[in-house]
Each structure stands twice: as C-alpha cells, then as structure tokens.
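Each structure below appears as structure tokens.
Below are two complexes that have chain A in common, paired first with chain B and then with chain C.
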Partner chain A sequence: MNPALPAVTGAQSLRTTLRVLGWTGLGLIAVAVSLSDFLASAPPDAAAIGPLLTPPSESFKFGTDILGRNMLSETLHGLSASVRLAVPAALIALLFGTLFGSVAARLPVLVSLTLRWLLGILAALPALLLAILIIALTARGWASLAAGLSAAPLAFVRGFDRASVQARAVHSEYARATGISSATLLRRDLVYEFSGTLSASAARALAAVTIILSTASFLGFGAEPPHRDLGLMIAAAKTYYLHAWWTAAFPALTLMILILFARLAAGLDEGERP
Partner chain B sequence: MIRSRRLLDIKDLKVSRAGVIELDGVSLTLDAGEALVILGEGSSGKDALLRILGNFSERGQEATGTLQFGNGEARPAHKRGRPNIRIAYLASARVAPLNPYASVVSQLTRIVALGLSVPGASAREDLRIALERFATAPPFAALSKKPGELRDDELAWAMLAAAVAQTPDLLIADHAFSGLTPTAVAALAGALTDAQKRQGFALAYFAEALQTAAHLRCRMIVLRRGKVIEEGDFEKLAGGQSHAYTRTLFKALPRLSAAAALRGNTRGEPLLQVQGLDLSAHRKKRASARDAISFELRRGAALALVGEEGSGRHALVRALLGLQRFAHGRVVLDQVDMGILSAAMTSRLRRRIAFVTGSDAALDPRMTLWDTVDEPLRAHLRLPRDMIAGYRETALKRVGLASHDAKRAVATLSGFDKRRLQVARAIVSAPFLCVIDEPLRGLDAFAQSIMIELLTELRKQEGPAFLLITADMRVAQALADDAMIFKQGKLVERGPLTEILRAAKDDETKRLLAAAAPRRTMELQAVVELASAVTESPKPKVPLSVSPDELDPPILLDEPIADDVSPGEERENAVTESPG
Partner chain C sequence: MLRFVLNEAGRLLLGLFGAALMAAAVAALSVPHAADGLAYFLVAWAGRINELIHLRFGESVISGLSIFVELATRLPLTLGLVGEGVVVAALVGVPIGFLFGAGPVRRAAAPLIQIVAAAPVFCAGLALAYGAASLLHWPVPINGGASIGPGAFPQNAAQAQAMVLPALTVGLAGAAAVQLALRRAAAEAGQESWRFFLRRMGLASWDVERSYVMPQIFAGLLASLGEVMLALLSAAAVAEWVFSCRGAADLFVKSVALHDWSAAAAVLFVFASLTLVAQFVGQCGARLLTNPGPAR
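What follows is the complex of A and B.
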C-alpha cells in the first residue's frame, strides 16, 4: 500500500457501492425499456384485455384497470414512455446546465456574473412551474425540451459554482502568472471537473427531469394519451384508486424505483445543493 | 532543584500498521528537564512514535515493547493507559490545530484548564501570565481573534504559552515551529529553552528538518525507516563524525559564509529593469523617494528578496509580473515596457516565467502528473507528440519523478513530489525568469538538500534569472548572488550577498542574519575575518551608500527616479541609514 495515496474511507466506499447499485438498476431499466414491446403481453393502450378492475392474480400480475387494460404491460409501456421522454430532457439539462455553467465561470467577469445572476433567478423558481410555463408557450409535444430547460438553471448554478471555485483557486493564479491562457484553464475544467463528474451529473439530471415530467403529465401537461407515461397512468387512476389500489400503486412504485436508481447513481447527491 | 529522574523509558518498541513496519525496535530514555530532538523524514516512523506517546491508536496498528512514564509501571505498548506524569502537546500552527470559528483564547483556555484541572478563569490567568513572560509574543488581547486572523508565528506563540502554562513534566512538540520564518523560529526556540530551564520539564521535539534543532542544541536521535541510526549531541552530529545519512541532513542546513566568491554574471544584458516603482498603489499621493524601488536584474543573475512575512516582497513580484497595477514607476521586462502592454500581451510575455513555490496549492490538484509537465509545452508551442514526450521524460528524470505513475493526480502526491513537479514544469518551459518563493518550506532535511541541488542545477542548465523570495538568509545564500532586504514594505538594504554577509548595515539585516546563524554570529565573524585575510580580497569595505559603482554587482544600484529630491539626499534615504 502506498502511504501517499489517501486511504479510502468507509463513507467513500459506501458511496461507490451505492453508485454501482444505481447504475446497475438504471441498466436493468434500460433493458426493460428496450424490450418492452416483447415483454409486454399487450400493445399499449389495448382495452378490454380482461375483466374490469380485477385485483392482481395469476393471469394478471398487476391486475386490470377500469377499461380492462393489463396493468403489467401498461406499466411497462408507461415506464418506456417516461424514460423516452426523460433521457433527451436530461441531456438538454446537462448541456445547457452543467456544461454551460462550467464554461460560463471562465468567461469575462461581467458576462459570467450577469449570467450567474439571471440563471440564479430562474433557478429560484420552482422547476415545475417553469416547465408548465414553457409547455404552455410552445406547441404540445415539446415536453422533453421544456423539462430539460426547466431543470437546466439549477444544474447551471451548480456547474458554475464548482468551476468558479477552481477559477478563484491559487493554482489558477499561478497558471495565469506563467502565461497560461483562460482557454487552457477551461480545458482543465472540462477534462477534469466536467468529465470526471459527468456520470453523476447525468444521473442527477435524469432524476430531476423524471420528477418534473411525471408531475407535468399528472397535471395534464406532459405525455399525450396514446403514449401514456407513468404520470398520466397515475392521473388516470386517481378516481378509483381508493377501492382499486393496484391501478395507482404499481405505476407509482415503478416511478419511485426509476427515480431511486437515478438518485443512487448520482451518489445520493441532492441536486438542490450546489 | 529538580531531582534528575527518569521520565520516559521506551524499550524495544516495534510498531506496524497494515503490514508496514513503522518502528523497528526503538529504545529511548528521557530524564526530567532534558531536551531531545527526534529527527526523521515522513517515512521514518516518528509519527508512529508520536502516536504511541500521545496514547492515540490507529486502526490496524500492532505494537510490542514497553513504555514507562516516570516511576510508574512499565506497560506494554499496545495497551492504552493514562500516564502518571503531566504531558503537554504542542502542535504546529501550520496544520491549523484549532477550530477556525472560535477565538484562540477560549480554546487555549480550555486546553490549559483540562491540563491543570482548574476552573476556566484561573486557567485564563495562567495562560496570560505564560504569554506575557515571552518578550516578543503578541499581546494577550490579540488572542481574542479567531485562529485564521492571526499570523502563523503569533499562533505559535499562543500555543507555546498554552503548553507551558500547563506546567507539564513532559512537553511533546510535534513539528511545532516548522515552516515559520528563521527569526520566529529563533525567538520561539529561545523562549522554549528558557521556559524549560525555568520549569524543568522534559522536551521531546519531533522535527523533520534541522532549523529548530540548530537553536535547541540538545541531544538528538535520528530515525530512519523505523530505526535509530544515530544518537548524540547536536554539536557532535554537526561535527561530521556521523552516519552518512546524518551528514546529508546537515548538508541541508547551509552555513552562512561570506567566503564564497562572487559568481560570474558577465552574460548580462538586462532582463528586468525597474525604475522608481511605487508599491503603495492604493495611496493617492505619490510616495516619497524612500519607498520607490529601482533595480536591474540581468539575464542569468539571481536576486533574493529577503524579509519577514508581509514585508512587501510578494507585492513587488506581483507588480513586476504585471499581475497588480502600480501607480508610479516603470517595469521593463525583456526590453518591453510592461506599463504600455495590453493584458493579453503581458500574458504572452509571462510564458517564459516559471514558478517554484513553497505552496502546495500552486499546482492544480486535479491534473495528472504528466499533464502538469506537458501543459506549458502544449499551451504555448505547437510541438509534435513525441517531442513533448521527450521533453517531459528528460525533465521528470532530472527531478527524479520518472518512475511515478503518469496518471496519478497531483492531489495524491507528497509535498516533496509536488515541489519537484514544480521544478519539472519549470524545466520544460525554458524560462528566462524563475520566481522561487520559499522553496524549502515544510520539507524535511533530506528533501531540502535535494531541492537546493535541483534548483542550482536548473540555473546552471537552463540559465534563467532567479528572483528568490525568502525569509531565510541561508536559502538566499545557497541560491542567489545578490539580495534586497525588505522591512514593512520598504527596501532597507541591498547589494551582493557576500557584502551583506561581510558587513550588514541595517538592523533588520542583522536580525535576519542572526536568526539564520544561531549562536554562530561570533563564529561567523571569525570566519569572515579569516576568509578576507586568506583570499586577500582587494575590495575595501566601502559602505554601500558611498560608492555603489565600485562593487560592480549584477544588480545595478540605480537611483530611484525622483525629480524633487536631489541625488545626494535620496541616496541616503533609499539605501539605508548606517546603524552605528
């Protein structure tokens, strides 16, 4: 053992274990999503597959809903729809949030502070309101873009603050004193800071946009009926979940598992804290 | 009268941790009132000894051997137990041992109260009395500040007072004065020795370098790889009749000697010309000629800026490199006036400036080892990959880091490795000016001697001019030819180092010299006399202020440009008043 290497503490190894667990879970979900058409016994939105509102049984593992749809295959299709909406949204949040934030910290002081100020105001707004606002202002079908853009301000603030700590660090000053340009310093940030934390940032963004998208869908602003996502399924179940619990519980549980794995993959790092 | 009695008796101590043997059969004794310096590198096992003495155990640690405090029972080293003597612990101010959010006085009072088992008010009084006994310590009122607001040496004084106030039987000092300036170390070590004589406690001083040991002048043991390789008095060990390793350690403590010849510096067209630079940029009015600085640094010359912390050396360097605006004066770097250049152009000019600093934060901790060395080449020049690899290889070989893993992050390197990496980065950037800032700070003795060698080699091979910032005259002498002495933002003396060592004029210079040559000031005088007699130096001892031209130094002692002061008056002001 090299004494110069810092010892791996218990907390660090626990975090690594959790992240591996999270990414494994996300991998399994990705497999389930890509195979959802084969795994599901019924096509999406296929009504009258069985009797109405039957509780979970041998033939219908998750039961059936008010229209006689198989809840198991509906949940799989719903998960698929949720993930297909959330992944592009997470990429948008990553690009316009974390990456833009890391770059903006190295811009000239006046520009970078103005950007930080503006996006700081946007980050203070609830992301869901922002998403609904963007959806209301654009055509329907842009829910992914709206969710990505509404999650971006927080990611921007986070990326910006991380990078500006580095920009103010002593080693940056020494680098400038030996004529190293801002472009080279930016390269350092991108190579070491951004790419090093890329997987965690992506998972964090995935968790954030999934919550935004499902809530928006629940309120009727997100996914559109032929392609029901989990949020919309829960919304559809809200009139009779008191006596047919399975219609709401299984989609909700699936949604929770998706968000939990994304959070674990991010190392249980709260997105709200910079 | 203190009875001489055995205070500490360690027999055949063996400590291993996670399979690594840290101490391998160490026995040592310490009598009441005795002082002992335990010297060793980071891997020498002194940390394990410190843990055993301090009753801390580490996970995975196995210890055999016995430990006896005072006239108590000898207990096996692996058992923890309360010693029956009073032990005080003195930490180094550099490792930030105190809570940054509470005042120094409240924390130290609690330590004293716990050590003495007395109420807080009484402990506070003890602390005050102990502090006020030290003539050069900061006032007691200053201790109501938070640790971050005090300088390192002020904090060291406060902690020394707290340790002494506990009236210990044994004081364990854990690298307590390392990294402080020589004047501070001299004063603190003097105070510690006085307190020890007065109170009769035993002292175990753990040290990585000889700077403090040179002031304590007591029995020393040298630890290396878990074994005691040498034991004896400082004088005996310094005398050269010692283990080869010990001799290497002593080499790192260069002795001041005025006998060294002026190194040739005829290469020189000027690299850096400074005229009437006024550092008090924030002040509206123009500073008097006394504060304006003018000098010239030729190519390949080495100039030391010597002074205490906060004496304006860093401000000067920042101004020279165009990192800080200054109100008046002119700086010409490599024939270009820095004042008329745009920010982008000064940045281009700075590409051929390298830094080697005592601050470990100077390198980006995220970067890998190879990337750190490559960066100046990649950022400034368009070179093919194999050429970059060749330069990197050569540089890393020269500093002895070639065998390290290329992908290791700088954050995981040791302090000495980081320091050497800075030198490698300097080598590849082919600098014309190297700014070297306290290069030995925090290094152990062995590393110090290697560092001096590396820097000397750098100067010989790449031939950059050196601008050395230090508080230690010995470092200045080892690496520079000329010196400018600063005190509280003012230049008080300047000239070739040989001249300054021969005949220092300003009180500040004398103070710095005395701190760098502990108890050898008289000896030094003798050496100087002898040297000047032997080499029959034709150079008369002219005061610098009278005829600077005769000295022919690489720094031309230009006068500051000032229209309203006549040259005669100004020369008196600008150089120094002769103190005798």
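What follows is the complex of A and C.
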C-alpha cells in the first residue's frame, strides 16, 4: 500500500472544502450585492445620517464617517459597486487573456509570434499602471474594460506558452497524422483544458481584477461618487483614519474578504502549478 | 549555454525595441490633434520615434523641465525603494517560501497564506502607517504633509525613519511574490521522479536536497524574477502615493492624471525595461543553475 495515498486524499479533501467555502462566500456576496439597496439603511452617499465620526455602536454598527454617513450602508453600497465593476472585468481578462492566448498559440507562426511579442511587452508593465493609463485614455466609466484588458497580457502570455507546449505534444502529432483538422484539435484541446479549470480561472481573474480596480480607485482612477467602490471609500478615509480607524478598516476588511473568497474559490494550489 | 544567452539577449533587445515603440505611441498623444484620427496619430507617432532616435525626450508639460532631468531627479527614489524592497523580500520571502514550500506544513499554511495574500498593497501600507503612528508614535507623511524624496538615500535620521514604511510596504509585496515563486518551484521539484531514483542509488536525503533540489528551487525563483520585479514596481507606485514620496511611479500617476503623456511614456519605458532586464537576468541565472554546461 502506498503510504502517500492518505495524505493526498487529505490534501484534496481540504482543497475541496476550501473551494466550496470560497464559492459559498462568493454566492453570499452576490446575494448581498443584489439586495444591497434593501439591506442598506441609507442610500449611497447619503450624508448627515448620524453624528460625525461616531465609533461603532449599537445605532451605527460600523460607525459614521466625517460627513456623518452610515459606514455599514456605505460599505454595502461600496461592495456592490466593486463587484459590479469586477465581474465584467474578470470576464474580459478571461476572454482576452487565457482563452485568447491558448487560441493564438495555434495560429500561423508569424501571426502567433507577433501577438506573443506585442502582448509580452504589455505584460512587462505592472497591470495597475496599464489600467490607470487605459482609464485615463478612455473614461472612468470604462474602468471595468481597463482592468480586464490590463490583467489580460500576463494571462495571455501564460496561456500562450502553455498552449505552445501542448501544440507540440504527442497527442497533437497523432491527431494530425490521423487526419483531424487543426480547428477540431483546437476545439478539443480548449474543451479539455478549460472544462475542469474554467471556474477556477474565473475566480482567479476576479481576485486579480478586484485588486487592480480597487487600487486604481484608491489612486483616483476608478469609481466616482455617488457610486463609490471600496477603493474610493478607503481613499476618502485616508485623511482621517489615523484618528477614526473604522472609516478605513471596515471597507478594507470587506475588500479583503471578497478577494479571499475569490482566491479560495480558485483553489489553494494557485500559483503552485505552472 | 552561450546559445541560450544569445537567444535571451535577442528577446531582450526585441522587447526593449517594442517598449520604445509603445512609449513613443503614448508620448505621441501629447502632440496636438494626435487624437483626431488614425492618420494624425500615425504622423505624431512617427515624429516621436524620430525624436527618440535623436535622443530627444521632450519636456514635461507640468514642470516644464526636460523629461530626462525629471526622470534623473525622480528615478533614484523609486530604484532605492525597489532595492530596499528586494532586501526585505529576500529576508522575509525566502524563509517563508522554504518553510511553507514542502511537506505537511505546506498544506497547513496554504489557507493562512491565502488570507495574507488577500490584502491589497495599499491596505497593507495604510495598516503599517496606522501601526507606526499609533504604536510607535512616528510622524507618518500619508496626507501630503512632509513628502519624501527625491534621492535614493536618506540624508538624515528623520528621512531614514520616513523611508522605513514605504520600503516595508514594497518589500512585503515583493516577499509575497518571492514566496509564491519558491512554493511553485518547490511543488514542481517535489513531483520530480529523479528524487526517488537518486535515493535508490544510495544518496542521502540531505545530499539530494542540497545538490539537486535546492538549485531547482532557486532556479524557479530566478525564472520568476520578472514577476517579482512587476510586484515591486506596482507596490512602489502605491507606496509612493500612500507615503507622499516624490519618485518616478508617483510622477507616472500624476502625469497620467494631468495628461502629461511625454513624462508618462518615459516612466513606462523605464519600468518595462527594468522588468525585461530582470526577466533576462533571471532566465540566464536559472539556466546556469539547472544546466551549467559541460564544464561541471
């Protein structure tokens, strides 16, 4: 009997449990986002709801900020704005990153190498700076597109390099030798590669673009009031959070929980697999 | 090995050429009417490429200074932050990567690492500032009060103290990237069948780990040097913003906000070059560690 088997089973069990936890958390966040207008006791950006800079108490669970806004309501609206920006961005990153990279590796050599070179240059830039540049070139309303496109080059390069290896694999040679067309082989490879990993890739992309979007907002290149996302809320609290910790702590904690659930849903071995 | 280095050098040169073209494209946006249509943009782009060939980098529309002077003033602080970040990343990331990279500890630590990695850099920077202000009673320049820089090295004790938090912020982001690369490399090395066969040949476990596994893991870290550099540069942009440092990354953010495209393009080119050079050095180092050639 192989003594390694129980350990592997234990590791897989832990991984599955945590992935389920991640997806459950994301599901709960989706419910909170869709019901945010009902769950929040005040509309977004509603000032003078309570006294200024009240610490967390029975009346105001997350306290109030410098304009007397209820931090619990604001955090719920901020979470909603962050998720609404991040979901389309994650889809764009997935489509133009991993998926496009896998397809591009099988295009004619000249086209595929040119694409690899172009995207390789973009991947040499920090995604955050690329997102800021795209937002400044377009408009703040396009922040989702900018975040998705800025996260895509690195995913493209990884997908391309992985698919290049696969295109030279033995099964590809056999397939070509038996008369299977390139298009059919591409379709089969894509189905094989993504059928088991699509949800994990989507969750990973969600975590990445959430970090990019919130950081861009923090630097002043994202959402605008009254639709403040969590990054902008933390940026607004920067001037007084040293004396009123709750104004930054609760939005930051909420943002971290969102990213954590997305990372758990992506699987614990994220980054440990090539 | 020489052929590999030449290959990588060719890729580096191609990458630098592409980065220069991209920078020229961004800088072309500062030419009047460049955004009016594709033809106007292409003419502006060609003009910028011509200026780059003649080593004319243009002027910043914000300060009126030449871009070269602007970069020479601002870049040392960013490079200093990245350098200090590398030291922190090595001191923190390497032990964590090795400690949590193998065996049962790896599985137990994985959820903890996910929790720590879920903190965006700006949240970590603000948390460090809060801790320093409330526990150590340090003066924290997070609201644009006394800004830091320019210059790579602090001139006095107050400046040195002010540099600690940005350097820690950048370093912790780098440490996260380093430990990730090490854990990834350790996971790959753990699946190699030659470990088993080397033990069957009579080598002690420690010899296998020291002579064969460790070089593989360090090679994995070196191969990811480009990603580590990306993490450090990204964190430098955030740290400079949070702690009011007047570095090159801060220049980029302000230039983009005020549509000073020439300055933004220059910073982009420098950052892309740093990443590409780190990739080149890392790939060559990894190759040297795993395939030193016939001399050994």
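Miscellaneous remarks
The working rule: the second predicted complex is superposed on the first by the 257 of 274 C-alpha atoms of A that agree within 3 Å, B and C clash if a C-alpha of one lies under 4 Å from a C-alpha of the other, contacts with A are read in each partner's own complex, and residues count from 1 in each chain.
Just so we're on the same page, a residue touches a chain if its C-beta (ideal position, glycine included) is under 8 Å from a C-beta of that chain, and two chains touch if they have at least 3 such contacts.
All of these numbers come straight from a predicted model, not from anything done at the bench.
Looking at the superposed arrangement, the partner reaching more residues of chain A, out of chain B and chain C, is C. When the two complexes are overlaid on their common chain A, residue A:Ala223 makes contact with neither chain B nor chain C. Legend: residue contacts after superposition of the two complexes on their common chain; A:Ala136 is shown touching chain C, with no touch to chain B. Of the two partner chains placed around the shared chain by superposition, neither chain B nor chain C is touched by A:Ala205. Contacts of A:Ile49 after superposition: neither chain B nor chain C is touched. Those residues of chain A that touch chain C in the shared complex are 7, 10-11, 14, 18, 117-118, 120-122, 124-129, 132-133, 136-137, 154, 207, 211, 214-215, 218-221, 231, 234, 238-239, 241-242, 245, 248, 252, 255-257, 259-260, 263-264, 268-274.
Chain C makes touch with chain A in their complex at residues 14-15, 18-19, 22, 26, 29, 104, 107, 110-111, 114-115, 117-123, 126-127, 129-130, 133-134, 140, 142-143, 180, 183-184, 187-188, 226, 230, 233-234, 237-238, 241-242, 249, 252-253, 256-257, 259, 264, 268, 271-272, 275-276, 279. The residues of chain A lying in touch with chain B in their complex are 1, 3-6, 166, 169-181, 184, 188, 192-193, 196.
Within the complex, the chain B residues that touch chain A are 18-20, 43, 321, 323, 347-355, 357, 359, 361-367, 375-376, 378-380, 412-414, 417, 429, 435.
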